[in-house]
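I'd like to ask some things about the structure below.
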Amino acid sequence: MSNSIQFNTFNTLLQKVKEKKPLVHHLTNYVTVNDCANIVLALGASPIMADYIGEINDILPRADALVVNLGTINEQKAETILKACEIANANNIPVVLDPVGIGVSSFRLGILRKIIGEYKLAVIKGNASEISIIAGLSGESKGVDVGLGDMITPLSLRELSMKLDTVIALTGPTDYITFGEKTITITNGSKYLAQLTGTGCMIGSMIGTFATVTSKYIEAAALGVLIMGVAGDICHDIAQEDGMGSFKVKIFDVVSKIDENVLRKVAKIENE
Amino acid sequence: MSNSIQFNTFNTLLQKVKEKKPLVHHLTNYVTVNDCANIVLALGASPIMADYIGEINDILPRADALVVNLGTINEQKAETILKACEIANANNIPVVLDPVGIGVSSFRLGILRKIIGEYKLAVIKGNASEISIIAGLSGESKGVDVGLGDMITPLSLRELSMKLDTVIALTGPTDYITFGEKTITITNGSKYLAQLTGTGCMIGSMIGTFATVTSKYIEAAALGVLIMGVAGDICHDIAQEDGMGSFKVKIFDVVSKIDENVLRKVAKIENE
Amino acid sequence: MSNSIQFNTFNTLLQKVKEKKPLVHHLTNYVTVNDCANIVLALGASPIMADYIGEINDILPRADALVVNLGTINEQKAETILKACEIANANNIPVVLDPVGIGVSSFRLGILRKIIGEYKLAVIKGNASEISIIAGLSGESKGVDVGLGDMITPLSLRELSMKLDTVIALTGPTDYITFGEKTITITNGSKYLAQLTGTGCMIGSMIGTFATVTSKYIEAAALGVLIMGVAGDICHDIAQEDGMGSFKVKIFDVVSKIDENVLRKVAKIENE
């Protein structure tokens, strides 16, 4: 597809979310959960963050997507996540995985192995460190935001995507969104996005939101990644001049106002 | 009472909170807890969010109100909530209940039944879906924010209020605050309030705050609902023009500056 | 040291954080955790908030500092905190303790006793109520923000610091940062800082951040306290004129832009 067709598609996804007002179930961390809820609402969808295992059977089947984020995980949340993945798969609800900080502990790595091994995921979104760990490459994670992982190549992304039969969205200075033979690259963004907690988590939430209105999850993933990159570009000068408080406010402003015109004007996106 | 007297009363409540600096204990969800704390502080009161059952006996008797919010509930928090309601009742501490998303699970509905059945509540604040479930009417909850429930009538609100001997605050395009024969209606607000997580929870926190300085809980509930509606009206154009990040900031600005003059100028409130 | 030398030192700490990008592990409350993460990022460091005891062995040894905050504590988190203090001590990782609301429950007081009794702390940061409780003086805590405690004297702070062999940072209208015979006093700040949740917690996070780049923890503590005070001074008029939403945004703006020049211009700091 040419970029022109892509923007039409993105516009369709944005409109469909506003019409359908899908319910996006999150099992996520308590650090950035408020931002995730607000970004879903900013797109016109409806978030729910219930994470008690005793409620999942009742709530999840009514949801339109499930976003799983491994930040601030513990044993109870891990159990809920595994059960939720099972229910989501049984109900054909797309699952978006954000493997936050999987390099930091063997516990988190164990949960990841179970998720990857037993369930079907629509999209995995991570930084180079996280994706390289998933790819079985060596990788060392420092905190949750700083990735190494220049060993990830477009080729290995394609292999990983095909092996897991899932879209891989690798975020970084250049973002790669890969499904099978197809890769979309995005070079939008600002260094200040990495200095604001939750920008990665919010990308996961946006991908989950768009995955409710298309079965082409590569498009959902590309749009989620693109919107944050475009917002970063637009807000970069505000971070530089005013600071990080104003930057955060403006990111939400931009996302809540995002439309095809803004995307066409600012997006740096290419298909390979 | 005429509206003129009402504004005097509201002014008195606002002033009393600033003088007394009451302690408002919350058992609430982790999605919007920061916003709830800040809205209580913005009114001049002091929030405490401790939710460990092993601390409730020590903390709650010193509090001036208890706000119970059922969002992101789990078994531990449910136990804490039930114990806290018992202690609050024993100590004549007013309890404000925000039955967030009670339609989403049988677990949450079970907790609600226990709270309603066993404890005295000062105010129940909910949307049409939540209140209709409490009223025993059919109701289906989509997410936590979207309510159906046109089956709720002013008459059924009065019946519910009398049956439970509690103030019912029904929020929506028109807000109804009912206690026995008396109903206050408010038509302030903005569609953007529903696109920001926590605006409902913050209403509950504000009602709890005002319930510490009056025993006429219908006034406390009306003022809590009114302030958010007035803030929504004042900030509506900012959401429209700048976006949801700026809208959130301005909501806190307006609430922290609210006074009788602003209320008189913007409020759309009527007594029936 | 003269104040002039102090500003050079502060500048060095600010620069070193930006170069080293240290990892600051938090075991903190869920009310202000997002603000804590963002303030650490605003200084150029990297936060991690993982609090599951099953991950601590893997994560903490790689961290450069540990910030322990007793807000919204429960039994699980208390266990994690004690284990984390042990690991931190064994690995020479500085521990900063923010004994939030220790006056509110005997449970919290019991945890505090264990921490103080068994582990080496780099810095204890608290308000007068919290510090007076630690000092074994009588003290009654109302909520988590309001402190009494005029019984704390510079002399008793020095005694406490020497007895515990730790830096004591007492925040209030005048801040006292004491280590042994040395005391730094700061008179910056704004009454509005107390009307925003998290400003105290963020001071703890900043102290933890600076403790990663100096072994003179009194300097780390003084700089953390000073930055929030300076930000309060700079943002005071915004709170007064615009309100608390704008105040919060501007606090983050100022901290993310803080440098030696701003500190020299605004700081009211003295060595005794």
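Here are a few things to note about the model shown:
In order of appearance the chains are A, B and C, and numbering begins at 1 in each one.
Everything below uses one rule, namely that a residue touches a chain if its C-beta (ideal position, glycine included) is under 8 Å from a C-beta of that chain, and two chains touch if they have at least 3 such contacts.
Composition by chain, UniProt nomenclature: A, B, C = Hydroxyethylthiazole kinase.
Owing to the predicted nature of the structure, the values given are computational and were not obtained by experimental measurement.
Between chain A (Hydroxyethylthiazole kinase) and chain B (Hydroxyethylthiazole kinase), the superposing rotation on Cα atoms measures out at 120°, rounded to the nearest 5.
For the pair chain A (Hydroxyethylthiazole kinase) and chain C (Hydroxyethylthiazole kinase), the fraction of shared interface numbers is less than half, so the two copies use mostly different residues to meet. Rounded to whole angstrom units, the spacing between the C-alpha centres of chain A (Hydroxyethylthiazole kinase) and chain C (Hydroxyethylthiazole kinase) is 33.
The set of chain A (Hydroxyethylthiazole kinase) residues that touch two or more partner chains comprises 30, 34, 248-249. Every residue of chain C (Hydroxyethylthiazole kinase) that touches chain B (Hydroxyethylthiazole kinase) in the complex is listed here, in rising order: 29-32, 34-35, 71-75, 101, 104-108, 142-146, 194-198, 239, 242-246, 248-249. The touching residues of chain C (Hydroxyethylthiazole kinase), when paired with chain A (Hydroxyethylthiazole kinase) in their complex, are 21, 23, 30, 33-34, 37-38, 41-42, 44, 46-52, 54-55, 58-59, 62, 76, 248-257.
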